[in-house]
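Got some structures for you, see below.
There are two complexes below, and they share chain A, which is joined by chain B in the first and by chain C in the second.
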Partner chain A sequence: MSLLRYVRRLNALQGHQHCRREVSSAPAKSATLKYDQDPQPLFTDSETQRLLQSMTQLQLDKVFRKRTVKDNRSETKFMTNEQLETEFLQIIEKAKHLLKMPPIVKIKQDTERIIAKDPALKDFATTKYVFTDITFGLPHSERKVVVRETDGTLAYASLDTTKRMNQLYFPLEGRKSYTPRMFAYEELLHKCLEEHKYEFVLDRLTVQYEPYETEFHNLSARVFEHLNESKQFDLLRSTRHFGPMAFFYAWHRCIDDLLYDMIRRDYLHNAVELIALTYKIHKIPVEYTETLAKLEALHPTPDVSALSELRGFLRRPEEKQGIEQEIQTAIGKTEQDFAADDISLKFIEEYIASEHSLKKVQLELAVQTLKEINLEKLQLFQGLKKAHGVQAS
Partner chain B sequence: MNLASIRTICQTWKTSTLSSPFSIQPSLLPNIFLRNTSFFNKLPAEDIWRGVTAVSNAGKKRGRGKGSGKKVAKDLNKGQTIGLGKNNCIWPGLNSPIIRGNELVYQQKLSENLDRENGIFKLRDSLSNFRMVKLSSIDRGWSGSKMPGRSIGPPDTVGEEEFSSFDTRVLENKIVFIMKGNMGRKRRYSVLSVTGNGNGLGGFATVKAPEVRTALRKSKNRAGQKLINIDLCENRTIYHDFFTGFGKTKIYCFKKPEGYGLICHRAIQTICKVIGIKDLYAKIEGSTNLQHIVKAFIIGLMRQKSYQNIANETSLNIVEQRNARNGYTEIKAIAPISPVQETKKHAVDIMHFTLGNKIVLQKKATYPFYVDSKGHKLFQIKEERFRNQANVRLHKLVNFYG
Partner chain C sequence: MLPIARGIYNGLASITRNSRGALHTASAFRCKAETAAATENEAEAVDGEEEPKSSGPDPKDRTQVIPVETSIRYLKSVAYKETYGDDFVWSQYRRNHKGMYAPRKTRKTCIRQGKISTGNPCPICRDEYLVLDYRNTELLEQFISPHNGEVLSYSKTGLCQKSHLRLRVAVEQARDSGLITYDVPFREYDYNEFYGQQKS
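Entry: the complex of A and B
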């Protein structure tokens, strides 16, 4: 039966062969923007990481969204409150793990490392011999692969060969030993990008290539460039690729579109962090640590806010909420948020006024609109508080 | 004897045999006895036909005439029109106008029409042949053209109540007998049907009537009057696994994920389709009496508890972890604050709770007899090297495609 199905699958494939010529064989274009220095020290810096994580946000609904899986079983369980509490912590840990960013490192150059030259072995065989250490449990980077050339030279294998051998003996799930067509042909890659399947492309890229490979840099840059044009940044928010994307824009000084998106969606603290990151990367002498510290005091980190969101589910509906709480949920902002917004807006306006911003008019307009909305909200907030007789703290 | 002589003999033989009956002229035969009274002109057509198509009462009691309904009385008048007959004639005023233009039409004999008679015979033949009605596969029920499983449309409108989104399906259609004081054994048709709107509303009814059609109609309309609301989980399945029974019928129903389908008895399948349940596994133990299955299943559906009710009863929170959401814990119901929870360190299994502490017997997988044989082991060893071949070939094709 399975054989029959397989034969049918093959036939279907062969049936499609007439479409072959539709896909042009042009290889994927290379990106225009490249990291000119080693970005790794700046990227792995703890402050940068914190900024990037904060910008990524942790929307549980996005991280744990419904996906197509082979086995979509579900399990219903009884849980006590304590069990739920530990479960919440585990969820946050899992989410943080899922949001771990792929590192940005410089491209590794292939160097020839000869171990020995044995002219006596010349023409011993007509082909090269590759020797691989297949000890169980070694990390891929430490696995030794050596090649005996036909001229008798014994040398460490090139990066390409090493990767291939690793994949051969210890296959990584999802990684192919050939270049996936999606990455090989410009037309197919372009199609993916046009359909805004950024996360899919980046996920597959992360599986297929190591972060130090040229293809990884090239293709991820292509995706980010395309994204900067289509401005669909929200597609990557709360995924592991948002951080590298923000870092890429900050490095190449093209944050304005992302900034505009953040202001428009009222993620002002993220906007501040993005600007601060740009200042940090390009060593622009603007004091940002103070503003960041202030904001940090007012704003919880993404995992803390996600945890409190989870704990919010546990609140019983019959439990009486304070009137203040009710007002806050109705407006969607707390007093702290308003205070934080003031600080962030000041910082953002400073940036817009400086020579570093490129799309001044657009950004100013966005800030102005947001200010008006915020003012209205604030007035409503205060009015409601007054009407309910809540003491202004 | 040469060839020509044989031919002549043959021909003469042919002509002699064929022409002999025609050569005798009836008028030449002496003393023909005519009997003008016969079976055919003494009895009315109805009685004569009954002789052919029906079985006598005594015969019926003995079980004769099982194929009744296959033989049908022919309407011999069909295809015949007044004025048109064996003799193709023009009868003014009967089959033609009396005056055509300015001329008077006279009676006139036309050439004989042979097709007419053939046509009538053909028509009669087609009347007599009983044919099973072929149903389109969409209208088909559980089996052939039998009623069970077939749709009989929505219940009839009552006043202003319309049942436009409803669909009724027959579950059982059988003949039942009762004894009457004056009529003896009386035959009736019993129809069990289920109706529903595919969105949580459903009802069923058993109705008896002397005719199949009336029974179907009455059962459909009665089912429409006895609707019950059944809450569907995520608009596709049941809230939790449950056990239900009626009489000797025991049913275990299990909640299943999206796309699982209905894996259960055909009656339960039909009920589910009509009500709107899409994913369910049900196992029947004991009697498979259809009426009992239907009652047991509907009772089970009605007895389902909402998550909040279960949480209140057990004072434990209820969560759902879906593989499709990477095991994310969705809170379904929160228990009221109570000191009981603190003592319950080991949370009970929700399946045990909803099945009423029953444990479903999971049979061990049975393997074919050859699994442990030497030959099979050898075969596996030989096959091992080809275990990935199909995949590799497929990927190769994919890779070189384009």
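Entry: the complex of A and C
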């Protein structure tokens, strides 16, 4: 308690100093890109969700990275193979839960709703009275908070007050009652972004603000814009923020950098999904469902591939793999992958040729390099198969 | 016989004189820090302090306020590297106590009335160029546990109570300013609240 008091006192002191020192720096300038319509229906659409989830990928190492949390114990258990199998399924479920995207909704406007005006109560007290319904188990949006003003008006509380009251009676872990300095001061936020602490900033944003708040939209847009310039997309891959990021770029028609990154890292099916998402959002009349369906048949969903990765640990080393499997692991691609790559490359090239892409030269180069590498791999693959006498299927 | 004995005595005397500023006292650190730091500011300080060596500035004097910027530069300097190596600031420190077990709490403060009032000041107080401030992240990170992300206890680091409080305050401020990252608790969303009943 004494620590808290001390911090608060110091904060107050330094806040004053800050203000005096940097009068010029405006607190958190706003982003240039905004959602002009309600993005929620498009975002919650099941197909969009599927595309975004597939783009996010599921890298177990990254989802379950070592966190500095209070309880960091690990448990060792003996299990039968069946138990292990159920455990694997549970792990995948848990990972999917951790990757659930924060909602994207439109900014909620504050409306004044007056319940009653009682002039007789004027000057009954010198302060406002806030009444909060603290029934257990109510969702926060349904909790009633009303304010009796000093002039006798009884009205529903503003969103800000409601949030504060909710935090007071049902505190959310990690949320501060004041605006964190990181978000309040432009230079601190800028420093965080320059150091590529994107995940940290976004995590903190989700905890501190509700998705319908202006600050949430502003700050997340700023992070995504900065990310689009620094091109460190891999930092967010396989986190819960990758989906909203891709959606943001697709909405504002600036997917080219992300697309380039995906092609360079050989995530071609993701690139196709991203293009398809753009077509879907802007209702561009290009047929993409067919390509997607084809790709889906050839490519496992992220949770399936993660599950097979988990099962891979279980295989005993002496268990003999087929020669075909060995060739595949050596090259890193299967025959299906090559087929899928062909389909997706065709789709991507169509996109690059169309008027929707902005950085054509860069993308074309990336595609060309990838094609060459792929061709080499394919030749090696076929050569190895021939040498081992595996029948071409 | 006598000259030999005198020679031995002189040798012994010089050894003791050299090692008098034992490794853990501030004066040794300060001398090293100042000789090796190549920046102008510190060079000035060295000149200023080395001239009146006969009278000598009090090595226990802590009234001079060292700015954080100096401290940040010091942590990157060769002098720092020489004194502490790759270890943490606190890892070589040992508490003095009577009996087998150390008292549960460390001393209240090492510095009284602007002077070091103890023979074995804590790792922060012994080196005046270690300034606890929220901008000095390199120093603060040495006191954060890699396992649970909390500030290490004074029973481990040996900080005096006053320094420990200042450390905790600085770490909290640094986290709030986003200078030190930590694992933010996972926010669970009730999606029905935001989307209506469309999504389960």
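Methods note: the second predicted complex is superposed on the first by the 366 of 393 C-alpha atoms of A that agree within 3 Å, B and C clash if a C-alpha of one lies under 4 Å from a C-alpha of the other, contacts with A are read in each partner's own complex, and residues count from 1 in each chain.
The working rule: contacts are C-beta pairs under 8 Å (C-beta built on N, C-alpha and C of every residue); 3 or more make two chains touch, one makes a residue touch a chain.
Please read all numbers here as calculations on a predicted model, not as lab measurements.
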item: Partner chain(s) touched by A:Gly174 [first = chain B, second = chain C, both, neither]; value: second
item: Chain B versus chain C as contact partner of A:Val207, first or second or both or neither; value: second
item: Partner chain in contact with A:Pro103 - chain B first, chain C second, else both or neither; value: second
item: First, second, both or neither for A:His140, with chain B first and chain C second; value: second
item: Partner chain in contact with A:Asn72 - chain B first, chain C second, else both or neither; value: both
item: Touched partner set for A:Thr44, first chain B, second chain C, both or neither; value: second
item: Touching both chain C and chain B, counted on chain A across the two superposed complexes; value: 6, 10, 14, 67-69, 72, 98, 176, 181, 185
item: Of chain B, residues touching chain A in the complex; value: 240, 255, 257-259, 314, 316-329, 331-332, 334, 336-337, 341-342, 344-345, 347-350, 353, 390, 393-395, 397-399, 401-402
item: Of all residues in chain A, those that touch chain C in their complex; value: 3, 6-7, 10-11, 14, 40, 44, 67-70, 72, 98, 100, 102-103, 105, 139-141, 172-174, 176, 180-182, 185, 188-189, 191-192, 197, 200-201, 203-204, 206-207, 211-212
item: Interfacial residue positions of chain C with respect to chain A in the complex; value: 145-149, 165, 168-169, 172-173, 176-179, 181-187, 189-195, 198-199
item: List of chain A residues in touch with chain B within their complex; value: 6, 9-10, 13-14, 16-17, 19-20, 22-23, 25, 60, 64-69, 71-81, 83-84, 87-88, 91, 94, 98, 176, 178, 181, 185, 313-314, 316
